[in-house]
Amino acid sequence: MTSKLDSKIPEGNLEQKWTKYRSTVPLVNPANKRSLEVLIIGSGLAGASAAASLAELGYKVKVFCFQDSARRAHSIAAQGGINAAKNYQNDGDSTYRLFYDTIKGGDYRAREANVYRLAEVSANIIDQCVASGVPFAREYGGLLSNRSFGGTQVQRTFYAAGQTGQQLLLGAYSGLQRQVGMGNVKMYARHEMLEVVTIDGVCRGIIARDLTTGNLERHFGHAVLLCTGGYGNVFYLSTNAMGSNVTAAWKAHKKGAMMANPCFTQIHPTCIPVSGDHQSKLTLMSESLRNDGRIWVPAKKEDAVALRENRIKPNDIKEEDRDYYLERRYPAFGNLVPRDVASRAAKERCDAGFGVNKTGEAVFLDFAFNTIRYGNMEATKKGMHNPTQDQIVEMGRAVVKEKYGNLFDMYQQITGVNPYEQPMMIYPAVHYTMGGLWVDYNLMTNIPGLYALGEANFSEHGANRLGASALMQGLADGYFVIPYTIGAYLNKEIMTKAIPTDHEAFVAAENKVKGTIDQLMGIKGTKSVDYFHKRLGLIMWNKCGMARNSEELTKAISEIQALRKEFWNDVRVPGDANEMNPELEKAVRVADFLELGELMCKDALTRNESCGGHFREEFQTEEGEAMRDDENYKYVAAWEYFEGNTWELHKEDLVYENIKIAQRSYK
Amino acid sequence: MNWVTKMFSSSLGQKFIMALTGLFLCTFLVIHMIGNLQLFKSDFGLAFNTYAVFMTTFPLIKVVSYLLYASVLFHAFKGFMLVAKNRKARPVKYAVQDGAANSHWTSRSMGLLGTIILLFIVVHMKNFWYEYKFGHEIGYTAYIQDIHKDTLVSQAMEPSYTQVKKIEEVNYSNESGQYHVTIVKDLYKEVAVEFKEWWLVALYVLCMFAVAFHLYHGFQSAFQTFGINHSKFNGLINFIGIWFFSVIIPASFAAMPLFFFFK
Amino acid sequence: MEKNLNLSLKVWRQKNAKDKGQFETYKVNDISTDMSFLEMFDVLNERLIVEGKEPIAFDHDCREGICGMCSMFINGRPHGPKQGITTCQLHMRSFNDGDTIVVEPWRASPFPVIKDLVVDRTAFDRIISAGGFISINTGNAQDANALPIPKDDADESFAAASCIGCGACVAACKNASAMLFVSAKVSQFALLPQGQPERKQRVMEMVAQMDSEGFGSCTNTGACSAECPKEISLTHIARMNRDYISAELSSAK
């Protein structure tokens, strides 16, 4: 372990670490809390829950988000659910099992202590959310309903139709707005953080741009929490919102915060395939669909070709001519294998020429089988002895509609195809980034006073995140971790008076931001920001996407460097810096993506193994499964930035004391 | 601010007043319509005229009628205020607004329909109420009922005839039989005369359309404002609102001028 | 099947809040029917940038119909001609070749235009701050299953809670009333046992804030619900009406 990386994991038994630490972490007394200012960047699950909780404790909080309201943060789009080790279903779940599933799902690249803590507080999250009025799905008896998700064999996912993220975010948002109303939180919507201010190596504030007026603002804080989500938009096309970006994290990175495992990207297996060059984003079809949908491609290549040329319809292909490849390859987990496995299997089939849409990059997700099954169950319930096939289908469709109606409508809206009649077409798409700012057990980066929560940090999901765990982590960090761990730092800050923002460090930081903006405005080139973003996306998707190899990654690095150069010479940012200017906002973000992309490729190139979402073609078994190298790569790769886009790798070894590392198998 | 004024000055409170006065006016319409059905009786207006006297003299009815005038004025006044406030809420109008795509035109035209109805009420009150109470145009008519033969004749009194009470009744008998004579202010005749004017008939009929459309939305809307919106009862409310208040009642009212015009 | 359209766009352009603003007409060609409405704007903006003109500013983020940020008034209707979707979910297959499409920002005095099609909807946040929450501090909760809630109530509460706060209800309403938005939040909590302690206070505070923001009043036209991308029902407005009157009549304050 490099000295720069002290994970500060408490001593003691895994089960006792958090309980003990929580009880011994220094506290800040209420009177002192009132004079301690915390800046929170981002208002998603992590940011909103942290803001509400810290304000309740008495800290002075400011929240910044680039959207027009805190409620728009992209956590809102999470569909499927949130995991919690409640064992309400009596199916053998426990804190340990959730911990184990998460570590295994993450392909043994996450910290034991962090993940155990996450599993421990998961139950409290559900309690908290229900108490704050989140209308989770319920059974007729009035108790909470659960469903299963990929990579697990228990039902521990709580949900609210296909809009769980929305309900959880609105819950946290209402807590946040309550504090805004009470004057404990000051909200800065339509503001984007563009620089971290450090004084003597300690984080002391930020520079933010008011996106309505273009004004640059200086804000002092005793601590700064980056809750800014993931950087999946480096691929241009992803399931992230258009505005999701790496900028805040990247500015922190360039100020010295280390970026950990940046190449660990989650490619979600069930997204609506790309329809054309105009595509601006990809839409996810919830993983919960894999509960009832069976994934297949034609077994015969000629059928696939016929489908692509629109000569036959999917339903024309006979049952025996279909290849349910997940059920074939992974009989134990079938269609519910973890996301990375499902995505790669889809890519493998499509690369082999079995893709089913015009681009050859799609597989079927078919509900016909379960529609019939549900139809028969309904017939039994209703005491119908000889139902016709049409009646069965009709009743079955009603059940499917009840469960997934909104997703089916969304699919039809986007594709113009009725998924009740024809199987859906899906293809993997970038969805989540496990990598992020390196943080210790307290969620603090290596810059004192600068924290990263939620998807913005690297900590709990290893090399692959399980479904329904992102919401869990965001809320765990904000509701139940940071309110305790921030005390460990702030108790030493009680003597620090608010630093006036005319301090030279603030002036310098603001000038730097201004310089960058002026430079971007001044290029007056010929190409739009999107032009460069799309090109970067293609490089990343083709060379640092679902499958990577050293040759392509090396090429990608030089291509990105060249593209970056071109960007800084030829981008055109219209309008003015002193007004609302969406193109300028994009330009600032894409400039950062153009640097991040290079680091991701570098990280992928350095990690000579396949694990989780990181699949290096050179490292696979004969059956095409990922080949991990625990001997040499059982570490967190934390990258330190140096001027001129050079990086130094620091390694934090991962120690497994409570879990026996094994080859991940879902067969 | 007192809680009552606070409640009724809120947007919801004001709506509540609109609904309350509106429904009260609806009940008035029912009474008015049933009473006026007597115009269709073939009694030269005896029943109607007697009813008119009752309605303008019975103390309880008088009290209610003042409440009614207040309601009309308040409903109209609040309505205008709300329209003004609502316009202020959208100072810049849309260049294109396709209201038909999302709502029934009646619901978007309550202010206009209400204004038409208000103007109508003014004309209507002038023509009949004012004339009846304060005017000098309306004369008296004597109704002579032969009690045994059960026949009725009417005889207009001299224009100069006047009496203290609006109605005087006497029984008398002579050699030809026993009679019951009623001398009453003849509003019926006024009605019959007025409704020979084609333009007035047209105006009345048109205004009844305004009433129909106003109530088509208004009746159901009042229940929504009171918070009564339930799948079990909406059908009944809609049925009453549409069939009774926006078809039967306005149609009955419209039939009256037409009846006299074509009589 | 996919085809290409040639369209004429009449778009509201307004430099900033103080500018008067006017319509500009743009011709766009070869628009694929598979494109979303916002992707069509991307195409147009790309062209404007290359031509050295200012692209059209519009709010958007998730582009999957849930964040509530997109907000275009298209041919006289919020979120365009289709029901139950947001602007970002509207696809060009809903239009015909040669169509003229008029695009305006939300119009309401509490939603001032910031630039072009971008409006300020922070009034909604202030309404939530006034009472759209359950006052429970983190860590105070009992076990989630200690409080059974009838499924129908939970489902109805969820239906109300699915509001995305886009403001289409205000935009559609001829009175620019925010009743559907406010009632959705009031209803969500009114239907849950957790929401009962603050039920009266909540509805009074939220209505007071709604009024002070300058929204119009409700005339029950139903346009809000008809245009709501989440198809939130008018029954929530009825519930709020009920709750409001009974709260005013029965609360101590």
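Lettered A, B and C in written order, each chain numbered from 1.
In the analysis below, contacts are C-beta pairs under 8 Å (C-beta built on N, C-alpha and C of every residue); 3 or more make two chains touch, one makes a residue touch a chain.
Keep in mind that this is a model prediction, so the values were computed, not measured.
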Chain contact graph, described as a line, ring, star, complete graph or other shape: line
Central chain (distance from its CA mean to the mean of all protein CA atoms): C
Approximate Å spacing (C-alpha centroids) for the pair chain A, chain C: 26
Where chain A and chain B are represented by their mean Cα positions, the distance between them in whole Å: 66
Averaged-CA centre spacing for the pair chain C and chain B, given as whole angstrom: 42
Numbers and ranges of chain A residues touching at least 2 other chains: none
Residue numbers of chain C (touch at least two other chains): none
Residue ranges of chain C touching chain A (in the complex, touch as defined): 2, 15-16, 32-36, 38-39, 42-43, 45-46, 48-50, 52-55, 57, 59-69, 82, 84-85, 89, 91, 93, 114-115, 118, 120-122, 124-126, 128-130, 132-145, 147-151, 154-155, 157-158, 161-162, 164-165, 188-189, 192, 194-195
Residues on chain C engaged by chain B in the complex (per definition of touch): 10, 12, 23, 73, 75-77, 81, 102, 104, 107-110, 172, 174-177, 207-208, 210-211, 214-223, 226-227, 234-235, 237-245, 248-249, 253
Interface residues, chain A side, partner chain C - complex: 49, 52-53, 56, 67-74, 76-77, 86, 88, 124, 126-144, 160-161, 163, 165-167, 170, 173-175, 177-178, 180-181, 187, 189, 212, 239, 241-243, 275-276, 278-281, 283-284, 409-410, 413-414, 416, 479-480, 483, 526-528, 530-531, 572, 574-575, 579-580, 582-583
Of all residues in chain B, those that touch chain C in their complex: 3, 6-7, 10-16, 82, 85-86, 88-99, 101-104, 107-108, 110, 217, 220-221, 224-230
